[in-house]
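In what follows, chain A forms one complex with chain B and a second complex with chain C.
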Partner chain A sequence: MNRELRGNLRAAVAAGEMALRSNVMDSFVLFGLLVQPLVIAVLALWMLQDRGDNYAIYVVVGSGLTGLWSTLLFVSGNGITAERWTGTLEWLTSVPTPLTWIILGKTVANVTQSLISMVAAYVLASLLFGYPLSVSQPILFLVSIVLMLLSFVAFGMLIAPAFVLNPDVQRWQNAMEFPVYILAGFLFPIALLPGWTTPISYLLAPYWAARALHITSSLQGGTTEILASWGMLLVLTGVYFLIARRLFRLTLRRARQDATLGVQ
Partner chain B sequence: MSAVEVTHLRRVYKITVGVVRRSAKEVVAVDDISFDVHPGELFGLLGPNGAGKTTTVKMLTTLLLPTAGSARILGYDVTHQPERIRPRIGFIFGGERGLYWRLSATDNLRYFASLYHVDPEVSRSRIPFLLEMVGLTGREKEKVEGYSRGMKQRLHVARTLLHDPEVLFLDEPTIGLDPVGARELRHVVQNLQLEGKTILLTTHYMFEADALCQRIAVINHGRIIALDTPEGLKRLVSDLSVVEVEVFGSAETVVDRVRALPTVEAVNIETLDQRQVLQVQSPQGSEIVPGILNALAGIRMGRVAVREPTLEDAYVRLVGGDK
Partner chain C sequence: MDTPAHASRPSVWQDLRRNTRLFFEGALLSYIALFRWLRPITYLASKVFMPLWQMLFFSLLGMFASAQEPTYYVIGNAMQITAVSGIFGVTMSIGGDRWEGTLPYLFGTPANRMSMVLGRAFFHILDGMLGVVLAFGWGVLLLGLNLSQTDPLALAVVVLASTISTAGLGLLLGCLSLITLNVMFVNNTVYFLLLVFSGANIPIATLPAWMQAVSFVLPLTRGIAAARLVIEGASLRSVTPLIAGELVIGAIYALLGYYLFRAFELQAKKRGTLEAF
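After this line comes the complex of A and B, so read on.
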């Protein structure tokens, strides 16, 4: 491994550690990570309790995914805004470690930490509602979890440049939260949505992640469907990373042009 | 090769004005400036607020793109080779921002050492050394939010030296510090220069520039209006004397009467609590004193003195030299 790559990796790990430290001290993160997904899980479990035990794991996975997406959107986005406010964003763009690596480290940490949402929803459904929760295909489910994490990281990298470039993007965060819950089919199948929304869902990696997790956890599909979901997840993750890389390059040049890195 | 080469550098900001009818407006922050900084030199960029000092430093530290012209740091172009420049430079912007307040000084330095690709072995010994150098040993485990402004500024210095940069850009490093803190920081800067670092220092404190810098460029309205050694700049006003008159509650009209006196080159007003000190530059020396006292008739006056011009007087002549 060359010296530069080793330095960038070490910096990404340090950035991830920083993100975790600041999350622990931030009550808003705890809300997004625990309270909101649990509220969604409770409501969904009550509404869907007549559908049988099989549906409980669907809700657990779905509400966990809502926690993941909210954390990614708000914690990662707010993280960049906070860096701008404290005046550290300028510093981060002027160090030898490219900003892409720093944000990657933070996003990996945030996304991995968000798995807590899923664990919390699992504990809630199991203890409070007494559902006998079991994952139907545990190994395939674990593979799906890993691919899901990768795709969420890629999705986070895709939206991060907008936060770097423009402080006003934060205002759009709320508007971006629920459409993804719905279009990605976290809590109910997208078949319930109008037909014209389906192509949009297909372009969202979280949709394929939710699909892979739902299939492997509640046995509602065969191997072909799992492999198709994994394939789409990998393709979209790759595409997102490629676009993100390009966007970061353009964004940083634009930020140097427009002097927005230090704006409060 | 110069450590810093600036050639016809220009930066224009585009701002929008108005809410309903929005229109774009251009503000020229840096207007065609050129200068060189030699290796190991402590070079000063002196100018009033809004003169273009910080914009110049931001372009030289790769944070901003120039609108026109070019700048090279250690031979690398700031526009096209920022990744070559960043490991070789360090910078400080005056003020308290730019640190993680919820973390300790040590944690801040550890994090930035990683971002600067400092080997962990090296940073383990370098961080205590730097904390000692800036006088933060013993407080390094406390959260930065509890630090005084001076301590934060010293932590900035330690942070910027983590990767042992060859060129340092210090943008008003002593701004807002108490006299003791400012003196300690100036001492640190002097030592860095003795170690062979090339330093570009911006300030609007004359005595600071005079005490530290080998050469000074005076910048105003985005343009360099003089570039010389402190002694050379002082020679610009060697033909003048300065009459200082202490007054209490002087009105602008009265000051205008002094400005209108023949042979008065410039009048600078320094406000100190209830009183003001008028600094009147004139080639007439003590001979102009009766004329000044006449012009100030009716105003309560204190001490009157005639002295040799300083760098500050040269600066006043350059920056506010139109009387």
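After this line comes the complex of A and C, so read on.
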């Protein structure tokens, strides 16, 4: 590993650690990580109880994914904007470590931390509601989790500069939370939606992540479907990272040209 | 020569006029400040589309759960939209005075505190009603909600009462924002708990006794029940007890909020903690 890469990695890890430390103190993050997914889990467990015990794991996975998406949207999405708010963006862009690495470190930390949502939903369904929970294909489920995390990180890296480049996009942030819950089929199949929405779902990594996790946790499909979901996750992760790279360059160039780095 | 005391004291009529002006001016200014109307996108995203998506999500979840028409969930979640204005709008209007540093000036005036506090809710009540109307519109257009049996006047009264009672809770939460930094956590939590406890998505009769007891003291519970009855064809008279209950609950929360506001002002002035969090 060359020296530059090692330095960048060290900076990313430090940024991730800082993100985790500040998240622990942020009640808004705690709400997104724990309260909201748990309330959704309670509602879904109640509403889906007539569908039998095997739907409990479906709800655990689905409500956990709502926590992951909400945290990604509001915490990782604000990855760069938050530095603006605290006045540290100018400093971060003038250090030798590229800004991309710093935001990557923060996003990896945020997304990994969001797994707490799924664990909390599992504990709730298991202990409070007494559902017998088991993951039908644990190894494949774990692989799906890893691929899901990768794709969510890539998505976070995509939306963070997009929100900075166009503040009007960020103003839609509040209205972007539930559409993904719906279009990604976190808690019900997208077959309930009109056919014209299906291509939009296919472009969303959260849809393929939900599909892979639901199949591997509650045995609702075969190996081909799992592999197809993994493949799409990998492809979309690559595409998101490529777009994110361009957006980061554009963000920094435009901010320096227009002298708007610290301007809201 | 000394001025007679009665000459400087405003009459009841002058008092009323002054407080009414304060009520409406405060209401309008705090509402305008909240959304910074130069960019209506924020309003559209938070007040038109977010509620639509939320209603769609829970209605589709309900359809998946029961394989039935989503009417039950559409009505419950459309009514719940009033909490967006009632809780978030009102809280942010009151808390905004502290966050933006205008609270010390307000406390320095002799303005009537009741007009000041209640005024913060006024436009959010109108706005909340508009939100519910929009949500019902979405329900009719997208989810096949049938309003053919509905008495529009009865539904309007139910929506108004529910919005007032939710704004009452918002006033209480808003006054909490004067003593804690975590009010958005509390707001969000209350907002989401209403989805569980108000009967928007789960029939209250199926809840355990302790949860039913919580539902009983919350706003919206009776409003949602009344809206379902009215949409099925019930008359205004038959849902009057539910509407009255909803208004009483709202008034209790608003009064609690007002007394909290007064207590905060008193303590802040006594201890010099007006701008301390």
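We adopt the following convention: the second predicted complex is superposed on the first by the 254 of 264 C-alpha atoms of A that agree within 3 Å, B and C clash if a C-alpha of one lies under 4 Å from a C-alpha of the other, contacts with A are read in each partner's own complex, and residues count from 1 in each chain.
Note that in this section contacts are C-beta pairs under 8 Å (C-beta built on N, C-alpha and C of every residue); 3 or more make two chains touch, one makes a residue touch a chain.
Please read all numbers here as calculations on a predicted model, not as lab measurements.
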When chain B and chain C are modelled together on chain A, clash or fit: fit
Touching partner for A:Glu90 - first (chain B), second (chain C), both, neither: first
Contacts of A:Thr237 with chain B and chain C, given as first, second, both or neither: neither
After the two structures are overlaid on chain A, angle v-u-w for chain B, chain A, chain C in degrees (C-alpha centres, nearest 10): 80
First (chain B), second (chain C), both or neither touched by A:Pro189: second
Which superposed partner A:Arg21 touches (first chain B, second chain C, both, neither): first
Partner chain in contact with A:Arg10 - chain B first, chain C second, else both or neither: first
Which superposed partner A:Phe31 touches (first chain B, second chain C, both, neither): second
Chain B versus chain C as contact partner of A:Thr216, first or second or both or neither: neither
Superposed arrangement (fit on chain A Cα atoms) - minimum chain B/chain C Cα distance in Å: 7
Common interface positions of chain A, toward chain B and toward chain C: none
Chain C residues within the chain A interface of the complex: 39, 41-42, 44-46, 49-50, 53-54, 56-58, 60-66, 181-182, 184-185, 188-189, 192-193, 195-196, 201-202, 206
Residue numbers on chain A that touch chain B, as the complex places them: 3-4, 7-8, 10-11, 13-15, 18, 21-22, 25, 86-88, 90-98, 102, 253, 256-259, 261-262
Residues of chain A defined as touching chain C within the complex: 27-28, 30-31, 35-36, 39-40, 42-44, 46-48, 50-51, 168, 171-175, 177-179, 181-182, 187-189, 192-193
In the complex with chain A, residue positions of chain B that touch it: 13-14, 58, 61-65, 83, 86-87, 91, 93, 95, 97-103, 110-112, 114-117, 120, 163
